[in-house]
Structure formats: C-alpha cells, structure tokens
Amino acid sequence: MNPSISRYPVPELGDLPADLRERIVQVQEKAGFVPNVFLALAHRPAELRAFLAYHDALLLKEGGGLSKGEREMIIVATSGANNCLYCVVAHGAILRVYEKRPLLADQIAVNPRKADITPRQKAMLDFALKVTRASHEVGDADFDALRAHGFHDEDIWDIATISAFFGLSNRLANVISLRPNDEFYLMGRVPRTKKENA
Amino acid sequence: MNPSISRYPVPELGDLPADLRERIVQVQEKAGFVPNVFLALAHRPAELRAFLAYHDALLLKEGGGLSKGEREMIIVATSGANNCLYCVVAHGAILRVYEKRPLLADQIAVNPRKADITPRQKAMLDFALKVTRASHEVGDADFDALRAHGFHDEDIWDIATISAFFGLSNRLANVISLRPNDEFYLMGRVPRTKKENA
Amino acid sequence: MNPSISRYPVPELGDLPADLRERIVQVQEKAGFVPNVFLALAHRPAELRAFLAYHDALLLKEGGGLSKGEREMIIVATSGANNCLYCVVAHGAILRVYEKRPLLADQIAVNPRKADITPRQKAMLDFALKVTRASHEVGDADFDALRAHGFHDEDIWDIATISAFFGLSNRLANVISLRPNDEFYLMGRVPRTKKENA
Amino acid sequence: MNPSISRYPVPELGDLPADLRERIVQVQEKAGFVPNVFLALAHRPAELRAFLAYHDALLLKEGGGLSKGEREMIIVATSGANNCLYCVVAHGAILRVYEKRPLLADQIAVNPRKADITPRQKAMLDFALKVTRASHEVGDADFDALRAHGFHDEDIWDIATISAFFGLSNRLANVISLRPNDEFYLMGRVPRTKKENA
Amino acid sequence: MNPSISRYPVPELGDLPADLRERIVQVQEKAGFVPNVFLALAHRPAELRAFLAYHDALLLKEGGGLSKGEREMIIVATSGANNCLYCVVAHGAILRVYEKRPLLADQIAVNPRKADITPRQKAMLDFALKVTRASHEVGDADFDALRAHGFHDEDIWDIATISAFFGLSNRLANVISLRPNDEFYLMGRVPRTKKENA
Amino acid sequence: MNPSISRYPVPELGDLPADLRERIVQVQEKAGFVPNVFLALAHRPAELRAFLAYHDALLLKEGGGLSKGEREMIIVATSGANNCLYCVVAHGAILRVYEKRPLLADQIAVNPRKADITPRQKAMLDFALKVTRASHEVGDADFDALRAHGFHDEDIWDIATISAFFGLSNRLANVISLRPNDEFYLMGRVPRTKKENA
C-alpha cells in the first residue's frame, strides 16, 4: 500500500475539471510522473487554479535578473527555513536539474552560507530569508544592499514575491502533510546519460 | 502632496488591462474608494490576477463553517502577528463592517486572547497563529482540538489557507511599504446612520 | 451586563481612600469617564499611589527633549510589542488627541517603521523597543545613535524609563485582563468639532 | 579610583532632598553600606520616590501567602531571565540572608528548575517567568495551576506585580549600567558568626 | 582546483601521528575515501583523538536500546536543527546506508514529524531536539514520556549524549566551514547492485 | 541525607577502573574534594575518558593566546547562556581562583557586557556566545573582528572549541541534573589567608 500523500481526500485525475486535467497531463508527460502537489491541491480546484496562475507568473516569466535556477535557490532556502519537506525535496530536485549541479540543493537547504554560490546569490538568499522571517523589518538598507550586487528593483520584487508565495505553499504543505513523490529524491543527482544506460 | 502608497511605480487606473480595470471600478463603486492594494499590486498584472483569484476563492466562497466575519478575524490576527500595517488596517475595517462591532478588530490585532469572541473563535485564531509561526509543528493534536470545537476538516483547510495566503500578502505589503488608505482607519467605527446625518 | 474590567474585584469609587478618589474624580472631569486602569489598580491602593507617582513623574514632567506626543509614541510602540490591549487602546487614544493625527497610533502599534514620523522619532522607538526586548544588550553604540539624532542623555533616560514603566503596566494589565473603556477606541479619530455638532 | 556605578551623574548623599537622604541613611545603618541603586536613581528624585513607594508596597507588606524569602526568589529568577547584574547580585544577597541558605540564589539565578525549592515554589517561579517573557499569554490555566498549589488570587497578583516591577528595575539598571556594590557578592555566603569572629 | 575543506590548514595524511594515520586508513579502506572531518580535525591531533574516542564510545557501542540507524537519526535531526551542512550530509549518508531506506535522511533533516519513522522514534527525536535547543528545561516529564515508549534510562542517556556530542561537532564544523566530501551526497540513494552494474 | 548529585547511579570511587580512580584521586588531592562531574560521568567510563581527554586538550594546553582565566571566562559565559547550574558554579569558582578576582564570575554569568574585563575579552565572549547560539551564522566578519583585537586564528579555534565542548557538557549536566558540590559556591570569594586563619 502506498503511503497517503495528503491528510485530505485526493481526487482521481479523471475526476478533475478539464483545464486542471490537461495541465496535469502536460506536467506528467514532461516529468514522467505527477508531482503530488497537483493532485493534493486539486481537492480545491478554484484554489489550485489561482495557485498555478501565481506560480506560473513568478517562475515561468521570461527575462528579469533572476535565472530559473536562482528562483529555485530562493524556494529551497526559504522552504528549508520553514521546514517544508515537500518543497525542499521537490524544488531541490528542480534546482539540481536546472543548474546541473547535484550538490547545490542540499547545501542551500541546510545552510546557504556554506553553499557553492556567488556572493550575489548569497545576498539574494539573505534577503529571501529576511522576507521569510521578519518582513516587517525590511527597509531601505536591504534594497541598497541588493542594488550593490546589481539587482534591479524589479528583481527585488521577484525575490520577495517568490519567498512569500512559497511561504504560502510551505504552510499548506505542512498542514496537509503533503508527501513528496519518491522520484524527486534522486532527480538530478545522477548524470542523466549514466542513468539512461543503467 | 499625497504620501506614496508603494515603493514601486503605481499604475494609473486608465492604463490597466480591461479586466483589472473593471474589477477595480466595481470595488470602487462598492467601497467608495480604491483600496491601495489593487493599484500597488497592479504593477504586476499577471500576479495581481492570481492574487485576486486566490483571494476570491478563499473569501467569497459561500458555505463552509467559517462566517465572513470569522475569515476576517483570521486575517487580522495573523497580520498582527506579521506586523503588516496595510492588512491590519484594511481588514480590521472590513471586520468591523461585517461584524458591526467596532472594538473587535483592535482587540484581535493586539491580543486575540483578550478579544470579545467565543472559545471556538479563540481556538480558530490559536490555530491560525500556529500556522503563521510554526506550520511545521502542526499535527494531529491540532486537528483534534479544532474538531472538538465543531470545526470540520474543510474548515481547518480554510483557516490554514487564509492564514497562509495573508502571510503572502503581509510579506508583499511589508516589502513594498504598501500604505493603507486613510479611509480604512475610521470605517466601521462610527454607526453608519450617525455618520450620514453628520 | 457590562463585561468585567479586571479578573480581580474592582472597588467602588466611593469606597476608595480620599486621595485616590479625588485624583480619579479629576481625571473623570477632564476625560469625561474614568479610565478602567484607575479602578482596577485601586484594588491595591498603596500600589496604585506608587504607580500614579511614577506615571506622573514621567509623563507630566515639563521640559526635556521629548514632547508629550513622543512620550505616548513610546508607550504605544512598546505596548504593541508586549501585546497589551489596554495600553495600546488607551494610550493610542491619548496619542491621537495630543498629536491631532488620527492615523498615527495604529501605525505605531502595528509597525513603527511604517509610521508617518521623523527619522529621529524612529530612532527613539527603535531604542524603546530594544529596552523592551533586550535591555541587557543596550550599550554605548545605542547612546551614540540617539545622540546623533540630537537626543540628550536625559532624554535617553526618559525613553528608557517610559519603556520600562509601561512594560510593568503591560504585564499587570495582561495578567489581570484589564479591559479598555469603550470610549478610548474612537477618541481622537473624529474631528472634535464635527463630533460636538453631531 | 572606584569604578563608576552608573552612566549618569550620581548625586552626593548630602545634596539629596531630606526625605530621600533620611531613607538612605536608614538603609545604610541597617545594611552597613548604601546600595548603589539608591544613589544612582536619586539622579531623578521624583522617580526614586515612586520607585521606593512601589518597592515598599510589594516587599514590605505584611501578610499574604508569599514569605519575604519567596518574594526575593521571584526577583532573582526574573532578574536572571532579564540578565540584570545589579538585581541578581543585590537581591541574591538579600535572598541568602532571608533564607539563611547560601546556595539558593545562585541556583535560582541560573536555573530555577535545579534549585533546592519546593514544587510550590517552582510553580511560583514558572509563573513569574511567564509574566516576564510572555505576559500576553497568561490565562485561566495559569491561575488554576497556581491555585492547585494553594496560592490565593491575591498571591498571584503579588507574584505578577513583583515580576513586573523588577522587570522595570532590570531595564533601568541595564540601561544605566548600574553597578552592584562589592559587598553584595559575599553577603549571606559565610555564616555570620564566623565572619564576626574573623 | 578542489574547494577548501576547512578554513584552517589541513594536514597531509602522511604527516599525521601514526595512531591517527592508521585509524584514517582503516576508515578509508572501508568507505572508499577519507571523510573530510578526519583530516580537518587532525589539525589538532590531541583534540581529534578525544573526539574519536567520544564518537566511538557513543556510536560503536554494542547493545542498548538504540539501533545504529536510530543513533544516526538523532545525529541527522539535531544537525539539521543546528544547520550543520557537514553533519547532515555525512550522517545522512550513513543513515541511508544503515537503514537501507534512501528517503529517510532528507525527511529527518527537514522535518522529523513528516518522516517515515515510528511514534517511538518520533518521541526519541523530539527529546533529542529538546536537548539541543533547551536542555535546561528537560525534566521528569521528558523521562516519563520516553519511558512510555519503552526507552530505558540508559537509552535516554544515549539520546542526550549523542545529541550533545554532535552539537559540539556541529559548532566546530560550522566555525571551520568543514566541507562534506562529494561522495556523501549520493551514498545510499542508489541501490548498490545497480551502481556496481552501471 | 545528602541530595543526589545525578539522576543516574553514581559509582563509588573504589569501583572505578584504575586510570579513572587515579585521575580522580589526583583532583581530590589538589581541590580538597571530588567535583561531582567526575563521579556522575563515571557512570560511563569510556565516555568519561573521552570527556577528560577533550577537556585536558583544551584547558591544560600550554601556550596560545588565551590565558587559563580567559578560557574559564568562556566557559562561564556560555554555560550561563545555556542555563547550566553545574558549569556556572564549578567553573565560576575556578575562574575566581585563577583570576584572583572574586566578582568576575558572577558578572560574566549574568551579563558579560557589564563585567570588569577588557574590550578584547568582551569580543572573545561575544564570539563564544555566537558559537553557542548561532554557529551556522559565523563567518569571515567574525574572524576579522577577533583578529582586530589581536587574536590569531588558532585562538579563535580555541574559543570556538571551548564553547562547543562546554555546550556538550552543559547539555549532559542539565539532562542528568548534575549537582554542583557545595564547596564551589564559596571558592575564590574569600581571600585564602583570611580563610586559613579563620
């Protein structure tokens, strides 16, 4: 018997509204499996639609000063600070795949100060963690520190909003006991060619 | 000169995409003014659309075990814990209007334990604050405590998600220094008839 | 039935020692009502006398570098940090009346960094909050920072002592569940002339 | 050269108002020296008068459920939690003298759970520390826990007010860098007869 | 160029005293590589000897109520709480190998409450985390809770001492910026036979 | 009846392995009594041997930039932060004896900022407390701050390791309720000649 992926009832893919079903099938075709967050949050279709719209606006956006890998660094660091197993494991996997660096996600989840990243990226994660833990103390000095690393104000909006959005996601995942798919744990750790040959 | 409502550029209503403009005009007609959150977040139309979709799914939903006033209590209590001026002031106003009780919002923002609310509502806010501060420690005992007060599991999802969504909103508002409209501070404090006669 | 204003027995005005009765009648004549703190603390006349003597020495003192409005800012900010409903509501009212600025008290209670105050006043409240939360870490650097804003050492004593004295008041009020008078919530929010005409 | 006892100017005994001078001389005759708190706070005579009046109301009161030694236990435990050197050292000395138990003060200052005191006294100190650190969370359950140990509600008022008053004292002492008299460190540690014979 | 494994000079294996060199060679033969902790701490041979003696007394001991996998669970959970990259990664690897369960270490490092472990093991980790964060609050109730899960007092000593010893190790590793060997990240994640065939 | 010195069985000196017995007898001859830590930890001889080896490597080492008194300052400050009664009392005694300054230990245990020590020693204790509370945040800036006071990197290793090792000791002592010998409380407080004459 498989362990439950959520405290709440999990709908069958076939029972979902067409738009959500289509989106999930697309993800499944790309990833090879359906990440549990889709099915677990589909318990509330209207909320899942809003969640995905927000997610896409932040993570699929082209341009801006943050690479896709850097956006995932923010997610992994803040999810580590919020002790969210699902997000650390799932976005840790995506980070490894994007950056093609298998050690990075574990480093950032445990202690970003010890990660193999640039000083600019450390400043980015410092700010993300401040937004996560004490957003009411954010002020001009924080903006100045990031600008000194070449971030534009629009990048700072991105860092803050990604941190804040995954703070929402972390809380939901923690409350419903969202279980990461087993597949995530190994993704991006083994070179793809080696894996395909195995 | 009016004080700025956001660190970021604030679009003119007339420059917004039609769907957002329409929505904002509707709110304006109902409230008598445009709450600053709409214009400030319209700096990022795609994100604002997702924000509003999530907001509506949580707060406009009919049915369920939480009254509209109770949902606002959750917002005020958790926004107080996150030191978010915009959300405490704006949702404090809405709470006063919904509940027609002018003292409630200040009580809940400062210390829910001293508020004129029922034990069931205090349990609801205790849980909302735990989700806000330590969601990774939420477990079966928290669900049992809420069930003992007659909450269904779907209500618990609502409490958690409203807390988590406004945690996102609090962080955004704190980072962009979102300023509450002056109108909110007095809303619901003075009996409406008296005000109209004045 | 009126809600209780304290966990402890509340004496009748007529049963109080003459000196306390006189003082309370004076306040009543000026404010139009008896603030609950007087009657609730009169449960212990000797302690109330000391409390009032301390209060008066700090708040009625003429001269010095802190205006009466600034002293109330300190009280509101530190009482917010201590989650004291009575002091936030009662001194918020006094602050609004003194400063004739209806928004200020809510701003300072929720997040002084977002309040419409001067950098000098923000430095004053930063120090007041440090005294409140970590007085053992106060040192020369804190004195220097305040002097740079033009505060004299005697002003710093005032800021520290007002913070410390209302820390005492906050703890008492929280333990005895001291209830703010309903009158405080609206005081200073509506222009006085308008109110008198209503 | 003697080290300074306060950041602020310290008045000469002879320059003080007669009432304060008399009080201090009385203390000096009894203790054999003038505790530094008197001279340092005499920088503000009106405040010192209020301070002494409050102090006396709480600590010199006859009757009630708290022995004088127990009142000092509360002071030492909460002053330890507030990292106040003056109060730990001075009231630690008084506690040793009152209880005639030389080890007690150090135990309570470092960790009351490991002190040689009764379960009732541990409950008393648990409550005192809650008032010190999180008075806004004090509620009925705390009162019930103390009543189960035989405390009356008036005793609970005493515990709370002593904790709160010395929280004020701790903050003042920390900010002005009040230095304990050297005499306090050894008081009550050596049996009096042995000392007199030495 | 390889990244540095420590802020401090790292001795060559050949330059070490014979006893340490022998021990390290043994480990190397068993693990296939020299874990960086050995070389980095060998900067201080006398301290490394004591470190290894303590380590062995706790982790190589036969008998007792804690399996070798459970001892590693304690290390991973407490090292996660202390944000120690080296210990989470290295002991996470050992935990996966001992328990032959590739998901367990990541679960325990991020949030033990969500790990696939028994209620008894969760109680064990709750206690380990309390020792890590607030050992001064440990008392009889904690012992009773563990006994209720079948732990003997000697097991409780083991849990506490393993937590405390790795708290030492976590602090050292954090201060010297001890870098985990790359090999640890993948150990125990891929079935051994598959790896050998690859 | 003497109070118990540990929650766990305490071996008789005569029942201990010869090496431990010899060591303890040596200490007894020097100090005039057997410090309880020896007998209590002798419940686990292998662990005690490692403990003593680590202890000696850190505290008996000749040379280096930290005097023996300074090493004890580190122990007293960090044990105060960890609320460890045994270590504050026992090492406070040793600190008084080494430095021949009877006030120092109480000052450092309660608030190192108010102690009669040099700025260099205050920087040393600031770092020791950071290692104790947030070692994962230690970084280059902390090393630079200590180097500015003349500390070499080897001294910094010493400060960190002494803090970390006594963090282990504090946790053990707290969990087993290790009781300080009565003798420690007075040691170093009274001039030796006076005591001998008494």
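Here the chain labels run A, B, C, D, E and F in written order, and each chain numbers its own residues starting at 1.
Everything below uses one rule, namely that contacts are C-beta pairs under 8 Å (C-beta built on N, C-alpha and C of every residue); 3 or more make two chains touch, one makes a residue touch a chain.
Model, not experiment: these values are computed from the prediction.
In summary, the chains found to touch both chain B and chain C are A, D. Shared contacts of chain D and chain F, meaning chains that touch the two of them, come down to C, E.
Where chain A touches chain B, over half of the residue numbers in use are shared by the two copies, so each contributes mostly the same positions. The interface formed by B-C recurs in D-F: of the pairs listed in D-F, D-E or C-F, only this one shares over half of its residue-numbered contact pairs with it. Ranking all chains by how far their C-alpha centres lie from the centre of chain C, first place goes to E. Averaging C-alpha coordinates per chain places the centre of chain B 52 Å away from that of chain F.
Here the spacing of chain C and chain D, counted between their Cα centres, is 25 Å. Chain A and chain C have Cα centroids separated by 45 Å.
Residue positions 83-84, 111, 136, 174 of chain B each touch two or more of the other chains.
Interchain contacts (touch definition given at top) occur between A-B, A-C, A-E, A-F, B-C, B-D, B-E, C-D, C-F, D-E, D-F, E-F. For chain C in complex with chain D, the residues that touch the partner chain are 7-8, 43-44, 46-47, 49-51, 53-54, 56-58, 61, 82-84, 131-132, 135-136, 138, 143, 153, 156-157, 160-161, 163-165, 167-172, 174-176.
Across the complex, chain C meets chain A through its residues 111, 113. Against chain A, the residues of chain F that register as touching in their complex are 136-137, 139. The touching residues of chain A, counted against chain E in their complex, run 3, 80, 83-85, 88-89, 102-103, 106-107, 109-111, 114, 116, 174, 177, 179, 182, 185-186, 189-190, 194, 197-198.
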